[in-house]
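Once you scroll down, you'll see the structures, which are given as structure tokens.
Here come two complexes built around subunit A, the first alongside subunit B, the second alongside subunit C.
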Partner chain A sequence: MQAHLDHGTLRLAFAGDILSTNVAQQRVALLSHLAAHPTAAGIVADLTHARAIDSQGLNLLIALYRECERRQLSFRAENPAPEILRLFIALKLAERFGLQPALASP
Partner chain B sequence: MLSAPAQGRVLLVDDDPTTLMLLRTILTRGGLAVETATDGAKALERLRELTAAAFDVVLTDYRMPILDGLQLLEQIRLLDPTLATIINTSDSERTTLSASLRGGVCDFLEKPCAPKVILAAVERAVSLTRRQRSLESAERSLADVAAIQQRLAPSRLDQSGVPGQLDCELTTRNCPIHEAGGDFVSVFRSDPGSVQLVLGDVSGHGVLEGFIAAYFQGMVKGMQTVGVPPLRIAEACNRFLLVEWSGGELSHLPSSLSTVFVSIDLVRRELQVLNCGCPAVHLLLPGQPPAALAGRSSPLGWFETLTPGVATAALPETGSCCLWSDGLLDQAKQLNVTPHAIAARLLLTSLEDFPALRRATRVTDDILVARLRWFPSDQVRADDELPLFHEALPGDSGPEIDAFQERFARNLVHALPDLSADCLSAILLCAREALINALDHGCAGLREAVAHVTAVFRPRQRRVEVTVSDPGPGRPLVAPNPAELPDLLAGTGHISLGLQVIHTLSSATREARNGAELTMEFALAAA
Partner chain C sequence: MNEDEMLGLFVQESRDHLATLEADLLALESDAGDADRLNRVFRAVHTVKGTAGFFGFAAITSLAHVMESVLALVRDGRMAATPALVTDLLAATDRLRTMVADPRQAATIPSAAELAALQALLHLEPAVAAAPAARSVPTSLHAFRFDPELIRAALREGHHFYVVQLRLQADIEAAGQTPLHYLREIASVGTLIDTALDLGSVGGLEDDTPTDLVCSILFATPMEPDLLLGAFGIPASQLAQTSSEFFHDWLRSQPTLVPRTSPPAATAPHPRPDETVRLPTRLLDELTQLVGELAQGRDHLLLLAAEPGTPAELNAAVQSLATVATGLQHALTRARCQPVGDLFGRFPRLLHDLGRKLGKDIRLETSGDDLPLDRALLAGLTDPLTHLIRNSADHGIESPAERRRLGKPAVGVVCLRATLEDGTLEVEVRDDGRGLDLARITAKAIERELVSPHQAAGLSPAEVRQLIFAPGLSTAPEVSDVSGRGVGMDVVKTDIGQLGGQINLDSAPGEGTVVTIRLPVRQPRLQLEPARAA
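What follows is the complex of A and B.
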């Protein structure tokens, strides 16, 4: 996972799928990046390279979303693959994840 | 009609009487039978009158009135593409013709030409025509053999069950390497209450094996007709192969026959298998993983004493059994999918579409698959399910779940090539969620506990069903409680988000054993 500050927003680029088999490592990386950028005003989860997310991957994104709420940071997900976007829409997560309503509509 | 000397029969065409006479003399002295025509139209007339098959070569001038050499060649191609043609040209014409003929001509002769050169060119053309005709004849014979084999492989079994009892239905698909092959299937119904299915696989896969297969098919059918039991039939075939076929001598071509007999008694509701060298028969009962019956044993023609694999099973009201030849296992290995995925793909392809699938399928051995399904006689259109995939995973397989998902996807895509990307993605994700739950909770991560994933296809409903089961006690499946949403700092605890994913993406779900067995349904788009 790569991270960099972009005009005060911390962009977290996931390197690939977010699945039960790698979610533990992803969580450690997330916590480390959050700790390294305490001044970030918002978080962007860049999903360009993720082709699949399972429930534990969703848990991680939900947890990140909740962490942002707790810290009063903005949160949005970017560039989800069509399958992932469909999943977000079906689980009513698309809007919470800041995806465009036009994209989020089925 | 021309006589047919070994040197060949020539139709000589030239509008110049002197050239015609000269060439005729050369060819006749060379031992060839010659017919002549003074232009292309007359040549065509002779070809139609005597038939193109009456000639081995046409030697024609290029420049002629009415129909020139090139136009004549085009007509000859339509009449008989195997008939070789030589065009007699001047050097300048040859360059032009070479570019335009695109190989449709056998040879060119440049005027003037020495007798020796003319005779050598005609000899080559005669030889080419005869080779092409021989090849065409062999291809026709092979196609005839293949047509007979396809006809002999029954694709269906007439329904004639006793009301209130069971009846059955047969589906077979034959996919030989060449047009004809060494696999055969034979079905015999002695009375409405009993059916005997025999699958045979002769070693090798050519026309000769096609002949041997036809011989044994006839032998087996004859013995079935007079009520000889399967073991006696196998013994008779074994004796024939050992004693009469090769005579026990290496100087004769040895041959072996792998064969499996499945006898179904629809009244006593019993299935018996006798297997001599074929892959195991798979018993497919609703809601259960496929069960392999009567595995490997020696084929017929190896040893004097038979050691067949035998098995007996009770028949529930509905179910099916699937038999296949070795070639199917080879292809499964080659494509890295399960035999069930290969069998499903073949069996789900309609007879109309099957020739195209056969042409597109690269096989290394003949493949034959047969499926016999039984059901109450008043429910001919009863629900049916065809297995696509089954895998048993030890409880500690969690870290390998990505590899499992790849295998599962590969099998589904092979068995159901028209599965949409959306549907495939939903099936994979739901199966993954259910399996994670089964491994983590039902099996408690223990190696000795085993979770099962089974996928079946219901053709009539066009529906895929995936069942994931574990040996655990199950637990109530509840929707996620928002208050229990995960906390990043506390770790990603287990909530039933996976269950919500399953309910959202599948068409329907069914639970058994307090949720320890979960079946998820996925509707496919109409075909």
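What follows is the complex of A and C.
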């Protein structure tokens, strides 16, 4: 996982799919990067290289989102693959992840 | 079906929906009470919205959602389908069409103006005092948002409401499914109203206790509980049926959307459902080629079978094959045809937009819409007819005030009529406008040195009318972006000539103009009947 600070926002680029087989390792990496950048005002999860995500991967992203809530950091996901975006939308995570403007209420 | 194929299907189906939508919106302007048409319009937008939502095309979904909200008001009789409203909806339809043409780039296409125009028509008003108080929401439904339109549609269909709770890993992935696939399956048997993921069960990053996320799904379906449990393999303990009475009450207690303007117009019906499939033109051409070769083979066989000494059984088999081949040719000939209505269907929108632009009320009347014609011929007629209709709208039809002053109905009429007789297609464009100003045409022709003053003096009215087809002649006082550059009628004549046809024009001052196009109609290049055996 690549990480760099960009104008106060910590960009975390996932290197590939986010699956049950690698979430434990990614969780450690995320904690490590957060600890290394205590001044970050927000987090961007760059999903460009993730083509698939399973329920444990989803769990990890939600944990990251909850972590940001807890630390009062902004959070958004960026550039998810279409199928991942569809999943976020279907589970109403897209708005939480800053991917979809809220629909106008009728 | 792979991702690109699914997307291609979405694009194609959305285009079809939007084409229907445009035609129906235009018809609603004069026929606002047609409930079937309104429902069709609503369904078209709803389908585009729903499918786009599934693909994650949020920009398309947002615009369709606002259109749907406005259309719901029209459908419920709380907003009139006024010309202004139809114009806003048509503009939004145009924007949607651009978006669905390249849905992956839809978010980059600006749609704020269309959204704002429609949102300006909406505002929320509290429910009337007499409306029943909302029944308290059952605990099992607390996590959900209810879309009134989805709820209303499900109630109208008499569907049952269910909540199912599924663990993403244990109930879905362990069964070899993905959550998205599972949701699609549910949507395929009814209406997926909302989902809710139990985020509370997930702690921060430091909490590494494995959690199986629980997703609650609210949906409506005609399926009974037993059938549902069997079809989806849902454990009975995870499925709960919810009383539809709650949703009836909830709907009644909802704030009412009211339009800024009111009363709906009168009624009248006539929908025409189409049952068609799309075929690439290339495939039709290939079929035409193959059937042409089949026809040659058929003719050869017929000649051989007619030779003396041919066994009767072989002769009978050849005759039978020839009958089938001929039938195939006829069927393919019909397949190459499109109804003239597909061409005429382009023009209501054109006239609507021109009318708005020019400040004129213009109605289009058509006849002969069902006439089947080769699609290449129809394509060749598109530009000439567009020119002629623009001319009628711009130069022919007077302003409503002028028409009233002349004792004419304020609404001008352009008629398109197609007939086919003795292998000749006749298409007539008739308007009830001011007619051609022969004196002005003559003056313009002299000014442009198309004729000398001396020649002009000797021209009959019919000859003067023919001058309108001369290159560069326009009688429009000003050049406009509608017409009036004088490049129209000569191009129309050239186009019709290239189709092998002729164009004639007749006009009477104050009564209007009739342009008649006559074209020889050739069948597509198929030899339709078997050659006669010598």
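We take it that the second predicted complex is superposed on the first by the 100 of 106 C-alpha atoms of A that agree within 3 Å, B and C clash if a C-alpha of one lies under 4 Å from a C-alpha of the other, contacts with A are read in each partner's own complex, and residues count from 1 in each chain.
Heads up, the rule we're going with is that a contact is a pair of C-beta atoms (placed from the backbone, for glycine too) under 8 Å apart; a residue touches a chain by one contact, two chains touch by 3 or more.
Small disclaimer: the values here were computed from a predicted structure and weren't measured.
When the shared chain is aligned, no partner comes close enough to touch A:H4: not subunit B, not subunit C.
By the touch criterion stated above, A:L85 is placed in contact with subunit C alone, subunit B being left untouched. By the touch criterion defined above, A:A94 lies against subunit C but remains apart from subunit B after alignment on the C-alpha atoms of chain A. Residue by residue along subunit A, subunit B and subunit C are tallied for touches, and C comes out ahead.
By the touch criterion defined above, A:T21 lies against subunit B but remains apart from subunit C after alignment on the C-alpha atoms of chain A.
On subunit A, the surface patch touched by subunit B in one complex and by subunit C in the other comprises residues 24, 27, 30-31, 54-56, 58-59, 62-64, 66-67, 83, 86-87, 90-91. On the side of subunit A, the complex with subunit B involves touching residues 19-21, 23-24, 27, 30-31, 52, 54-56, 58-60, 62-64, 66-67, 83, 86-87, 90-91.
Those residues of subunit A lying in contact with subunit C across their complex are 24, 27, 30-31, 34, 54-56, 58-59, 62-64, 66-67, 70, 82-83, 85-94, 99-101, 103-104, 106. Considering their complex, residues 3, 53-56, 58, 61-62, 65-66, 68-69, 72, 104, 115, 119, 122, 148-149, 168-169, 172-173, 178-180, 183, 194-197, 199, 202-208, 210-213, 215, 257 of subunit C touch subunit A. Taken in their complex, subunit B has these residues touching subunit A: 398-399, 401-402, 421-422, 425, 428-429, 432-433, 436, 485-489, 491-493, 495, 497-498, 500-501, 504-505.
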